[in-house]
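Here subunit A shows up in two complexes: once beside subunit B, once beside subunit C.
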Partner chain A sequence: MAHELRAKHWRVLAEQGRVLAKHRRILVRYWAITFSSFSQFTWDVWLSIVQFVFYMCRSLVFWWAVTGVAGDFAGWTMSELALFTAVSYLPGLHSLFWNFWNSASFSDKILRGELDKYLARPVHPLFALAAEDVHLAHFLKYFLPPLAMALVFIARYDLPVTGWSFVGGYLLLSAGKLVLTMMRATASMLAFRHGEVSGLEALLFQFTALGSYPVTAFPDALRFFLGYLLPAAFTATYPTLFMLGKADGIRVFGIAAGLCVFWVVVMLKTWSVTARDYESPGG
Partner chain B sequence: MTRELSASPACGPRRPALVKNLFVGLCAFRLQLRRLREYALSFWSSLASIPVLMVVTYFAWRVVFGGRTTVNGYTFAGILSYYFLMRVVSPVIWQAGAVAWNVWQDINSGNLASYLARPLDYNLLSLGKCAGPAFCNMVAGTITYAGATFVLRLPVVLTPTRVAFFATSVLGGFLIVYLTQFIVAVLAFWIGRTDTLRDLLYEMYAFFSGSIIPNDFLPPLLQQVAGFLPLRFLFYVPVSGLLGRLPTDELPGLLLTEFAWIVGLALVLRILWRRGVTRFEAQGG
Partner chain C sequence: MGGPVNVLSVHGDGPGNNAVIARELVKDYTVPVPGGSRSLADRFRNTFFPRRTTKRALDAINLVVPRGQVVGFVGPNGAGKTTTVKILCGILTPTSGQVEVLGFDPHRDRYRYTYHIGLVFGQRSLLWYDIPVIESLRLYADIYEIGQDALKKRIDRFSELLDIGELLHIPVRKLSLGQRMRAEIAASLLHDPEILFLDEPTLGLDATAKERIRGFLRHLNREQGTTIFLTTHDMNDIEALCERIVIIDKGTIIYDGPVESLRAVDREKIIEVRLRRGEVESEERTRVLSLLEEYADETASSDPAWFRLRVPQDRSLEVVSELLLHDAVQDLNIQPPTLDSVIRRIYEGSLVANGS
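Entry: the complex of A and B
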């Protein structure tokens, strides 16, 4: 009896291993595709990196101008704000595995009845959808410039950031960005019942723009809203504070983990309920 | 090529061809207005984003002001008015940016051939396509701003001179974005892909147009560069004009400078277009 149970256990494990291998193969294929598309437009890739550096410099100019006239921003000095800026542009680690970024086209796919090909694949449809937006080359393109910028600022301003605190802060940021991505995915599922929702969804997520400022500067109610309900505080403020050793690690990691679990459940539940309304003529 | 077609005997004399081209532009303008109705929810949501963005601006600048009454010559109400006005103007200005994508698509897909074969001016058609949504946004923006100015008692100077200056310079700003974006798109005749170059140009707009922060706050070197470029006419000049931050006697000179930039950019576009079209190849079919 025990022997049979053990054999059954191994069979389940082997099956799960096969499912994981399928997912891994899809990801690796998408990663490879992005590199080949990069090699076709080398000049364009370099130019886009320059553009991204300019994009980050926008925020630096803003903080430079603000601290130039006000001295600091609610206790944040220019050196801390410089690190904050670099950190805020780091992409989340989840975007290498599950990048539900292009959610506007998700509602488009629902409305056009183009979801069939994802439903027909031998992996979870939500994974199949998000895997299409996974780009390893893009990830590196958007990861390396802010990382370099952050390291330069840490060295230049002699900021008290250790290797471990930096990694911890980055994991916190990844968790925060993953939660926002799951919220976005959940909101876009409203398209199953309410048609085109990209405008409405964009409106909701404009509040995340508040995350591009240090959230600790805002009133308590707004801080609560951005910390627990629409957790934009986890996209830059808390990770930077953690790196600088100014955040309670157990508390912020606890909140981030709780939010991740909560939104995984909400997202999967919403999918199972709303996807029933999907109709397509096929073909 | 379009010029040759319009001047050809089949299309009649030069004057009616110009009228015809204007009519085509107007048709494209109306068509875009109709299309907006199809996406009503998204359109109104994008307008509703203004209050959301203003909440962000309000809290951020409240921190900057702290206990001060003025920062760099701006009062708290003054800086909020600046951003508010900027947000109202930006949906108008940025509609012109669509031209880069449209023209690039037409060149790369070969669709441009079908336009070149028709007796119409492609430039006017593109302008009409961008101006439709811009007009709609301008109407909605004016209503929003007029209402908010009255309710919130924002510190604007609503003299006829300044209102006329504001309207004219916003129109000029729209044309500057339209022309610069069209120039970038036309480069596709030579370099193929231009979307990153377009994005880079957007960064330049962001730095020097006054959209991130009023140009008075920029470091001295960037202020000098901004003063030389036409990008300050996108937001900084029109908004500062209406807020009364620019002396009245400087306004005509600013409009003349803006006009000179528009003429200069239009000439550059014309030269590039005429040269670029000769390089254009399409399979037809």
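Entry: the complex of A and C
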């Protein structure tokens, strides 16, 4: 009996391994596809990079003006704010394969009945949705300019940032942006039952936009809100503070990990409950 | 890939020989209550707490499709065709009732089940718009776990049968509709599915493209025994491919039987009559016209010299004989009703079909 159970256990593990390997192959294929797609629109990509650099410069001019008048901003010097600006434009690692913020909204896909092709294939629909949004080339497009800018500021202002603290800060930022993406995905899933939820998504986005300012400058209640409930503080403030050696690493990483686990569970549970109500009438 | 789920018994058929078994299948959708002349307060409340109601899309349908059969599933817009296909594919969850396809419960066993089915939507592309067709096929090969050698063989086969060889390296957005549809079909059949669901696959195609696709589907069914479940508005698709037709209207199956038997439901003959020109005032023409008006079909052409009559079969000889007596009649053509006209009359309610 025990032998049979063990054999069954190994069979299940082997099956799961096979499924994982398959999904890994699919992800690699999507990456290959994104490059094919990317090469069709090279001119557009260069224009986007120029536009992106312009946005960053606009933020820098804003902080330059603020610190020019006040000397610093809530304890942040101009050099730190320059790094903060570059960091705030870095995309999270998850946007390599999950880009709900930038692509057509998930709730739109639900409402337009565009999940059909994912549901009719032997692949997890959430994975397929995420993988289809793979933008390795786009990721690099958005990743390289702010990275270059951050490195220039670190060198130019001689900021106390080490390689490890930079990587740690970036992981923290990735975790924060992943949590926000999962929150938005979960909110989007309400479209299965309640139809149009773009208002709710817009509201979430409005609050997360506060993350593009140093959250430490805000009142305690808002800091708590942006640190734990809608963790926009993890999109730039905490990562930059960690890079500068000004954040309690154990605390911020603990919060980030806890939020990630919590929202993974909430998102998957919401999917399993709400996807049953998917309606896609008509051809 | 997993064994059968619960065994259903509809019309005494076991699941072994049947590709599809649906029993008392119901699907309800929730839709907003249409706004009328309600008060301002009512409208305000409805903005924040919209009222919804249930609309029944499928009303307890029963359906059994044996393996290897080609079934045409037709009905007017909004009848429930696509909803049925999507439930059978595992895309939608039925509100109640039981469904079993190839021994699987499509919704519950979705992951394992979808290895065995192919799906083509005429109105929705399953390919990736900006990339060459071959990239989409490679992606599907990964999804269905098809090895490189098998993939190459299948692409070669589709290149031969569907003539897609030259399309493989062209981005989908640059293909014509007919070319895209051939590529869609190839992508849907890459994994050799046992059953193929086609939702209006010839929609918008020209006659040549339609015939090419029909020819391929006939070949597929004959050579590989693939079960084909086809929804369409084009009765030529049905006549060219299907041995059986199922008509659905308002979520209920109103006919289920052989295509030929459906044609026989209409016990009328179509007689087309062309009158000679230049004899408008003749007394004889007046007599002919009174006869023609008695049986004239409402859909007849506006050409004053051309008439289409719908005559009961038992009176057709009599009417033809009488028409032939008149010199005013230049030409006459007798034919059975087209499948298109039979279906149209069923939709309109002027004909009642009693399927087997």
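Structural remarks
Throughout what follows, the second predicted complex is superposed on the first by the 261 of 283 C-alpha atoms of A that agree within 3 Å, B and C clash if a C-alpha of one lies under 4 Å from a C-alpha of the other, contacts with A are read in each partner's own complex, and residues count from 1 in each chain.
Heads up, the rule we're going with is that a residue touches a chain if its C-beta (ideal position, glycine included) is under 8 Å from a C-beta of that chain, and two chains touch if they have at least 3 such contacts.
As the structure is a computational prediction, the values presented were derived from the model and not from experiment.
After alignment on the shared subunit A, the placement of subunit B and subunit C results in a side-by-side fit free of clashes.
By the document's definition of touching, of the two partners only subunit C reaches A:276; subunit B does not.
With the two structures brought together on chain A, the opening angle seen from the C-alpha centre of subunit A toward subunit B and subunit C is 80°, to the nearest 10.
By the touch criterion defined above, A:33 lies against subunit C but remains apart from subunit B after alignment on the C-alpha atoms of chain A. Within the superposed three-chain model, A:73 lies in touch with subunit B and out of touch with subunit C [touch as defined at top]. Of the two partner chains placed by superposition, A:108 touches none, neither subunit B nor subunit C.
Among subunit B and subunit C, the chain that touches a larger number of residues in subunit A is B. Once you line the two complexes up on chain A, you'll see the smallest CA to CA distance from subunit B to subunit C is 8 Å.
On subunit A, the surface patch touched by subunit B in one complex and by subunit C in the other comprises residues 41, 195. Interface of subunit B with subunit A (complex): residues 39, 41-46, 48-49, 52-53, 55-56, 59-60, 63-66, 68, 71-72, 193, 195-197, 199-200, 203-204, 206-207, 212-213, 217-219, 222. Chain contact summary for the complex, subunit A toward subunit B: residues 41, 44, 47-48, 50-51, 54-55, 57-58, 61-62, 64-66, 68-70, 73-74, 195-200, 202-203, 206-207, 209-210, 213, 217-219, 222. Listed in rising order, the residues of subunit C touching subunit A in the complex are 29-30, 32, 50, 57, 78, 81-83, 86, 89-93, 110-112, 114-115, 117, 119, 121-124, 126, 128, 130-132, 135, 138-140, 142-145, 171, 199-200, 231. Interface residues of subunit A facing subunit C in the complex, by the touch rule stated above, are 22, 25-26, 29-30, 32-33, 36-37, 40-41, 115-117, 119-124, 195, 276-283.
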